[in-house]
Amino acid sequence: MMKIGFVGLGNMGAPMARNLLKAGHALQVFDVSASALQTLVEAGAQAAASPKAAATDVEYVMTMLPAAAHVRSVLTGDDGVLAGIARGVTIVDSSTIDPASVKAFAALAQQQGNAFVDAPVSGGTGGAVAGTLTFMVGGSASDYERVKPVLSGMGRNIVHCGDTGTGQVAKICNNLVLGITMAGVAEGMALGEALGIDPQVLAGIMNTSTGRCWSSDTCNPFPGVIGSAPASRGYTGGFGTDLMLKDLGLATDAAKLARQPVFLGALAQQLYQAMSTDGAGKLDFSAVIKLYRREADAA
Amino acid sequence: MMKIGFVGLGNMGAPMARNLLKAGHALQVFDVSASALQTLVEAGAQAAASPKAAATDVEYVMTMLPAAAHVRSVLTGDDGVLAGIARGVTIVDSSTIDPASVKAFAALAQQQGNAFVDAPVSGGTGGAVAGTLTFMVGGSASDYERVKPVLSGMGRNIVHCGDTGTGQVAKICNNLVLGITMAGVAEGMALGEALGIDPQVLAGIMNTSTGRCWSSDTCNPFPGVIGSAPASRGYTGGFGTDLMLKDLGLATDAAKLARQPVFLGALAQQLYQAMSTDGAGKLDFSAVIKLYRREADAA
Amino acid sequence: MMKIGFVGLGNMGAPMARNLLKAGHALQVFDVSASALQTLVEAGAQAAASPKAAATDVEYVMTMLPAAAHVRSVLTGDDGVLAGIARGVTIVDSSTIDPASVKAFAALAQQQGNAFVDAPVSGGTGGAVAGTLTFMVGGSASDYERVKPVLSGMGRNIVHCGDTGTGQVAKICNNLVLGITMAGVAEGMALGEALGIDPQVLAGIMNTSTGRCWSSDTCNPFPGVIGSAPASRGYTGGFGTDLMLKDLGLATDAAKLARQPVFLGALAQQLYQAMSTDGAGKLDFSAVIKLYRREADAA
Amino acid sequence: MMKIGFVGLGNMGAPMARNLLKAGHALQVFDVSASALQTLVEAGAQAAASPKAAATDVEYVMTMLPAAAHVRSVLTGDDGVLAGIARGVTIVDSSTIDPASVKAFAALAQQQGNAFVDAPVSGGTGGAVAGTLTFMVGGSASDYERVKPVLSGMGRNIVHCGDTGTGQVAKICNNLVLGITMAGVAEGMALGEALGIDPQVLAGIMNTSTGRCWSSDTCNPFPGVIGSAPASRGYTGGFGTDLMLKDLGLATDAAKLARQPVFLGALAQQLYQAMSTDGAGKLDFSAVIKLYRREADAA
């Protein structure tokens, strides 16, 4: 069992840390929210006064934060992880951030003898609680082997994606495809409704044909088609539109840096932006179908 | 066993007619190509001199034609099906055409006591030869029950989609989603390549995650990722770009009539148009990835 | 002075016919609306019982109709223009329709010794009343010379665009650019507002810089920027969204036939479609800015 | 006459600095390129060893740099402007950068008693040499009055856009509209060509009608239509595609921060990206028409 510093106890980080405790690890935790910190202490973790304190005298450091700016500050601040960590300790960042930042952080860590491994997740808060997340790991083969036992306490699939940064690349590219696919299914379902086919029948055909996809057979955006989908409970409780918007922003930014066109991705980003601007940012991203359905139909 | 008139013996119609012969039906066939006609005669069909002749004294009429204009002419010409058919005989059209034309043809047929059932297919020439097509049937419940035994000689799944025209709606909406999804996967795979992840690894992650779709796990556009996909044999032998372009044209036209926006579908149509304009119309539609991959990478 | 048959007395056709009367021509008029007919009779025209009757014993025939289907019916019906017209009489169609239909109609007219000239207009109902329309004429040089004196009674600029159909091509291409430009200006003005610049200042800079265009300096979509623009009177009284939608439909259809990509035009069409679907089809097309402005800002 | 520190002597900065010398000002100049520095020294400027040195003991500081990262480094580096400048001296930045960075830089400058004014330009290298640039100035009314005499030595129009950052907003919004408009005109001209109208005739109609815009009447993308346009000299010497791509990137980034959709802008960005990826980044941005014209037509 390991001694692990854990920074970032939000909706995702808190249940992940809890699962590490359940797996028998000792945790030094830090978060800017005192109540988030307190909850983990009650679960058996030791509170730290700063990222630096959390990273002091541990074998691993995990971070789970909203954006690259937070990771930078947690790493490089005066009270940051890099100020507290011992030489040779590995930092695993499960935040979803841009690959270029990952490389910059890895270079900083490398300078003082630490590996920095990107390991963003899929599976959402449900997977975080259940310990069934997928981790997409970027780093050397030995980094991967070293972090795998720790990550196995929080997830089911620990996939090695390649060198530093490729964990983020995998996540960003998957979610680019997801954002496009969901909006595409929304277009197809709404068009079918307008043309008079039963949505259940249409989904049934797509799901056994070439239109088959997760956005249709598991998370279909049309209410009632898939009972367990967010669409069937008022678009609550899934993957929020603003999170999809963040990931499409990462994808189009990465594409810009790589000088790579992303026609549909850029347009899908605008569609989710229009939703968010209209106040639907907290709804599951499958609510994008509201852009297509007439209000009378959708009522 | 039935006596069936069959009009349209192209890449799809010929093997479909052949399977009806194998199933024991008697066929009166017509095509504008004498050689196409001759081949079916050698397989046991009786040649007819016109659509009218093919439709005379039969229990069913099947048509399989390139576009609505051909169906109109085959039905309503002086030597057309409606001039030869007996009252009460059902016409089954497996062409992919717009739902509005289907309704117009059904009204014409109705006037002289014939049912007109739309039954477009998916499964391609492979499915036509193997007799494993999916038929999407639009018509009344009794129409469906009546045509099912005939269609079963040519396909595996005979799906009732609803009233007249909904067979076409199902096909068009599925292919709208397909056209968007494939271009979306192409964007994601090409972006991943540009950002340095192994395409095989990226596809593996998508196929077990939320980006999962037929366009990724069965027909992935990146060469070598799926051995049996057209991408792995030079984009030959699948679903041609010009056919996808035709179906997206039907989808955006139907959307226009229904006053329904299709943002991504309209953009995807332009992407396949750009491919086709550049001379790639005969390649499998997954070749859309060539719009995204740098020539040096793709070489 | 000429004897002219005139078919189609709607918002555009009625004032155009009135101006021909003012110019001293004798008119035989037809419309499906008895009241429209009556109004022209009171202005001095002679009522005809059918397009055929209107076209009988005249030197020119003018048509001004909503769409190609109406032109086809008015020309080729049993009581149509082609049934009544004498050999050698020229038909001038000022409807906005697709170039392919123009060519088909011209071929039909040619078979019985009549020239068919396309002459769509710009300038709207205001220009029709004031007699200041622009006519875009497609036809031979001699056709152009022959129709010019008649058209001069209704418009200020009579432009020869080239062979049959190019009048429509000019109109369609101009309005394709217009539809894109207006939505582009709407995006720029709404972004500027969101970023805190005074809309008047922003428009002033664009109008003296490279963003300068009719959609900015004459018909700016931001309320109050141009006092005489529809935006400054609740988006009433200009060029209706549904008319722009019709013209973008003609443009993307023509592009499809010509196998020509129109990326921005196809997307702009969807934006106006979304407006129209939401019930804004009768507003001036500059109301497209409502898709971009937050409700609180726009209130 | 003033003593001015000037940092950034590239294609734009060098002629701007030269014009300040001609106007009688004394200049302390800095650039990372020794040869660029030497050229200005020969024109009468005094070389400085660093931005700090250039900013020491002057009445104004001008900066003209490629991107926000350069401005940040020139301002805040150990040898930067803020380390050398006296209290009360105004910094005028004519770089094109994002409004958020402007506000951050202004806050830094403010802390040590300096005003930071954004004053991006339009007019290109031609306008920089001729001294006919337009300056879009963001800052207080008194800032504007203070910098106007200096900027008048380099430009013809010195426009006050509003508070700090609005100079950039004006430039970004204008160029967003410009990027869309040019691609729109390219679509319209290429479609017209494919449909058989003479490009000169089509442009003539657009330029006297509602399609009128700078991208059509001054910089038409079709070769030969406007003799003085880059299109008529092989797309050389205008506003480079990569610069348009940079500005559209600033626009879509600013829109993302402001939570504002930019449908056409995001798509236009991808079109210029596709051009640039294909190696056309140095051509005038009107070369976007190459995406639409068939090679045989364009040859």
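Labels for the chains are A, B, C and D, by order of writing; each one numbers its residues from 1.
As a working rule, a contact is a pair of C-beta atoms (placed from the backbone, for glycine too) under 8 Å apart; a residue touches a chain by one contact, two chains touch by 3 or more.
Just so we're on the same page, UniProt names per chain: A, B, C, D = 3-hydroxyisobutyrate dehydrogenase.
Computed from a predicted model, the values in this text were never measured in an experiment.
Asks: Note whether the interface between chain A and chain B is symmetric in residue numbering, meaning over half of all numbers used appear on both sides, and answer same or different.
Replies: Since more than half of the residue numbers are used by both chains, the interface counts as same.
Asks: Which chain is most remote from chain A in terms of Cα centres?
Replies: The most remote chain is C.
Asks: Using mean CA coordinates as chain centres, what's the gap between chain B and chain D in Å?
Replies: Chain centres of chain B and chain D, defined by C-alpha means, are spaced 52 Å apart.
Asks: In whole angstrom, how far does the Cα centroid of chain C sit from the Cα centroid of chain D?
Replies: A distance of 39 Å separates the two centres.
Asks: When the C-alpha atoms of chain B and chain C are each averaged to a single point, how far apart are the two points in Å?
Replies: The computed centroid separation for chain B versus chain C comes out at 38 Å.
Asks: What positions in chain D touch 2 or more of the other chains?
Replies: 255, 259-263, 267, 271, 274, 277, 291
Asks: Quick check on the complex: what are the chain A residues that touch chain C?
Replies: Of all residues in chain A, those touching chain C are 263, 267, 274, 277, 291, 294.
Asks: Name, in rising order, each residue of chain C that touches chain D in their complex.
Replies: Chain C residues touching chain D: 99, 122, 134, 136, 157, 159-163, 165-166, 169-170, 172-178, 180-181, 183-185, 187-192, 194-198, 201-202, 204-206, 208-216, 219, 251, 254-255, 258-265, 267-268, 271, 291-292.
Asks: Over in the complex, which chain A residues touch chain D? Could you list them?
Replies: Touching chain D from chain A are residues 249, 252, 255-256, 259-263, 266-267, 269-271, 273-274, 276-277.
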